[in-house]
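Both of the next two complexes hold subunit A, though its partner changes from subunit B to subunit C.
This part shows the complex of A and B:
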């Protein structure tokens, strides 16, 4: 009889042991649907490198609430519907503790809806569109810079150099429409005229007609919301038509490919940027150094997006003292933090990112220098941009 | 309206389109094969040009010699390994095969070169001032080459023994075979010549545009539009159509914005397909 009791006790203990004692070593599983193939693959690569660098460093610090961090990653093939299906699988099949968004607004939008449905926290580290946050979700927190922060520097720069007329020439995609709207709103009421306001369809490689208009209407500032390829083609075609506005700014300028592909034609161009390796923000030097040591290249803003998503999550778990969803969620609603991208802060109702501010950079001697805001400046601006024959 | 600027801009853009359509046109005209991979061969040629000029620091003319040759060899391989095996099958087979090839080529290019953009800074850059209009040097060169290559191919097809053999293979394969023409060899050489032309176009667009593995997909639709409007297989037709489409795109974008401007191009394509399906100067198509 007593033996039977002992045996039963032993079996019970053996069965319970992994749950009771193994908990400390059991990893926190974080699910990510990543675009490893398809048109977002190039941007998603550095994003995940940033995330993985954070995971490595965080694990060396003891992980999340004392548990090591593990990623569960699937390829969403850059497809929003696939992303949704994969988050469903991550949450219901793989039972991950929380999820990180994929990179790209379309995939982050569908993925975040799944996380919300299952009441699982999603750190929206890669979806910049404001619309993702404006749906009133309770479990989705944006750490990626919101799309309109690209435009932050336009008004100060226009004011400083007395810009009177603007040309807006943009690829027709959702983010460009958002940024363009933000620019027009911030300029309304000021003495600035929009003389060209045009979108072109994806696949356009020729800007002859827009440049002809520019030559005729002479806008002071030419704003391009462009992919890097289009930014490269724009300056090269400016040169081949011997045209240069006094100020030219585009988001594609702040990508590494712009300088290497456009060469000398890239000089003086202004870029809207969200992150630069030279940014004197807290912890950035260390981040750039460790990233370079691990991957052999400087981090761009997608890498910073990934790293910041992890940093914010780690800080929230630390403050909450556990990985309990409701406790971490509560902390995330008000968390403020210095990150490598500057500041992290979310809007208290939509949890949209409002801490990260856009930067303005200028290509000088083949390098991007931060020229705005003042506190992050790495070089003096060289403006207005000189004509082609005066360089 | 700056008429001269827009017309010249349009004509030069048309030259670029004509250059891109050359190889596609030859392969269709002779072999009745729609080579979907044409744009991707062009992209790989452009990427190779950047590697040669920037990576290996060799002069640009080395690429002009080496890259089209490399593409011709590649064309021979495609023909021997794929197209020859499905000869005589319905046209959809070659269409699917080259489409598959296109997907493979894009992804192989991404593996080799990465998905980022590159370019040839400083090669053929800047402008010439002609009669008060700024003319892009790189596009002027593309335009001249498009005309040159088209004339050369037209001459080759119309006035040489090889050309007569090619034409007879394309129009009456059975008769050609009876007359002792080595059909297989003619087809192989035609395909190699077509891919070499795609390669040549790739070399010349490298200085003018941002180069990446998906460069082909940005231009292939325009190249198709050129040969549909011009008439599949017709060289004078392709040149005329390319210039027309270039001018329509530039002037249309100027007047109505780029979104509507690029729609004009497809409207024209649609109109041609409805009203004159064989194209402006096309010989007509027998399936």
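This part shows the complex of A and C:
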């Protein structure tokens, strides 16, 4: 308790000190509506940690155009209507200089409309939906990986290993339907048949009927859009039913829980991923190290989303030489740069993110290794996946 | 005495009306945005109060009509370029049209069965919106061209809220209102007294679906976006019901009190104590249900603060008195 008081006092003094001296640069205020409560809270936490780490580092470098960076943060309760109202508050009441999107497509969708209306720059660091960018907005720039990036690796992998048939077994949630659509679109016109296409409701833990179907129809590639717990159950039940498709890929594989809980069964599984701490991209080692030092865990992709949003903004302001909205906007329309997630580049008309590509990882010896794309490879793929008795 | 009361309530209505009219000119965009959300909830609360408060058929499915309206309005606006205010009217009609067969089927159920049945129905609708992605855009949702000025939306929503308040006041003072209350108190007895309970129930149910569907459409315009979890959010349902409970079910001013008090308390708590606000709102609702189960308005009536809505029997007695004299 006393410590907390001392801490609070110290923070207050630190906050007041520049004001007392009077001539310190006025801070650049960046508004964020963040889901601190509600169903997006778990993902928004690391997103803001990434943002805050960037703020700390950028301030050490001299801030934005020589002015320190300050966040104004409100809780949008994971509710799109609240997010809209909060961006209205941030922009008209708090008079922030620019805004960062909240994490999640729905809240980013409503928040971005408000930013556009007031002609305030929004870095869309957390809204993955393509549709957010397809509305012809002039002040909203996507740094988050698009939802369809998850599907990026599927086509090259399918082509390389001559996949002829696929099974899609997914938990029924909005992003899964979108990713699934992107996968099917990218495979259309190719000689690949979808033999199983199923959604199961949240809370399902028994996949024996789908696996029995798989044993009968023998798809080459089994794609699962799954939460980690479901990915874990899937490989466990693959094992207990002595079934293994030649290729198994799921987004849940890329979460930390998968390897720790599935243990040996996790081996060889492929994961769709957007960011890996092991990614050999520019500045990533430094990012992972400082993130781990500050928060005690490795950054996941939400943390990277936050960090990249800041990185891009900082680069744009640096190039523009000021935080003037129109100047920064102009720079953002064509800005290209390397980030911890790979490349940043936006489509010249919609400002949709086209630089960040999805990754494919494989669990090898209890670690996730990047096996696609070639330029970021950390290990050779071991494919097709061997049967259970041949390991 | 009676005239005084009339003058008072007229005065209150007048002041509220003027305040609602000038608010967009003196308030910030944030105030307007906040007020739109409050007024949408106000309309939802009044609609729910008709079927849940007066007729006694409480249910958890109103947000289903809200969602239908949101989708009908958005699709019309998005594909056919129908202006948003016109789309809202069609959305309201669509809500009524859906409510007719639904009411016919669902109102055979009573009590918790009806309440939960309606909840289930809403989840089915949400699954439809998610599944028919060729029409609804599935999980991606529908992105509308955002309105450049919120003020017109504000005035439309405020006007609907005013109409709902007026209609409820009319209902409360009418034979129809008494018949609905009779259904609430004892449906079999009401039936045996010659009240056409089935027709009235379905009629009320359909009437209570129109405004929520129109509001859904306006909500989508206000957000510039709609997706299944947003259109059919259980949170909207529960907030609406909490407002009616807090204010007083089956009363004219209950939904108004509930919506204003809950929205403002919510906002203040949330702005000042973000960590504990959800828990505090829960505690407030709990206390309200425990210590004033008939809502703020009935507490007000007991203590004499609110005199607009007279207790039922006194009103009946007064009516007889007038008829006799």
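Side notes on the structure shown:
FYI, the second predicted complex is superposed on the first by the 367 of 391 C-alpha atoms of A that agree within 3 Å, B and C clash if a C-alpha of one lies under 4 Å from a C-alpha of the other, contacts with A are read in each partner's own complex, and residues count from 1 in each chain.
In the analysis below, a residue touches a chain if its C-beta (ideal position, glycine included) is under 8 Å from a C-beta of that chain, and two chains touch if they have at least 3 such contacts.
Remember, predicted model here, so these are calculated numbers, not experimental data.
Room for both subunit B and subunit C is found when the two structures are superposed via subunit A, with no clash between them. In the overlay built on the shared chain, the residue A:362 is in contact with neither subunit B nor subunit C.
Residue contacts after overlaying the shared chain place A:311 against neither subunit B nor subunit C. Contacts of A:106 after superposition: subunit C is touched, whereas subunit B is not reached. In the superposition on chain A, contact is made by A:132 with subunit C only, not with subunit B. Legend: residue contacts after superposition of the two complexes on their common chain; A:124 is shown touching neither subunit B nor subunit C. Once the two complexes are laid over each other on the shared chain, residue contacts for A:80 go to subunit C alone; subunit B is not touched.
In the superposition on chain A, contact is made by A:172 with both subunit B and subunit C. Shared-chain residue A:198: touches subunit B; no touch with subunit C. Minimum Cα separation between subunit B and subunit C in the superposed model: 8 Å.
Overlap of the subunit B and subunit C interfaces on subunit A comprises residues 172. By the touch criterion given at the top, residues 2, 5-6, 9-10, 12-13, 110, 114-119, 121-122, 125-127, 129, 134, 136-139, 208-212, 214, 217-219, 221, 249-254, 257-259, 261-262 of subunit B touch subunit A in their complex. Residue ranges on subunit C touching subunit A, taken from their complex, read 28-30, 33-34, 37, 127, 130, 133, 137-141, 143, 145-146, 148, 219, 222-225, 227-230, 233, 235, 270, 274, 278. Residue ranges on subunit A touching subunit B, taken from their complex, read 39, 41-42, 172, 198-201, 203-206, 208-210, 212-213, 215-216, 228-230, 232-233, 236-237, 239-243, 256-258, 260-266, 388.
Taken together, the subunit A residues at the contact with subunit C in this complex read 36-37, 74-75, 79-81, 84-85, 88-89, 91-93, 105-106, 109-110, 113-114, 116-118, 129-132, 134-135, 172-178, 181.
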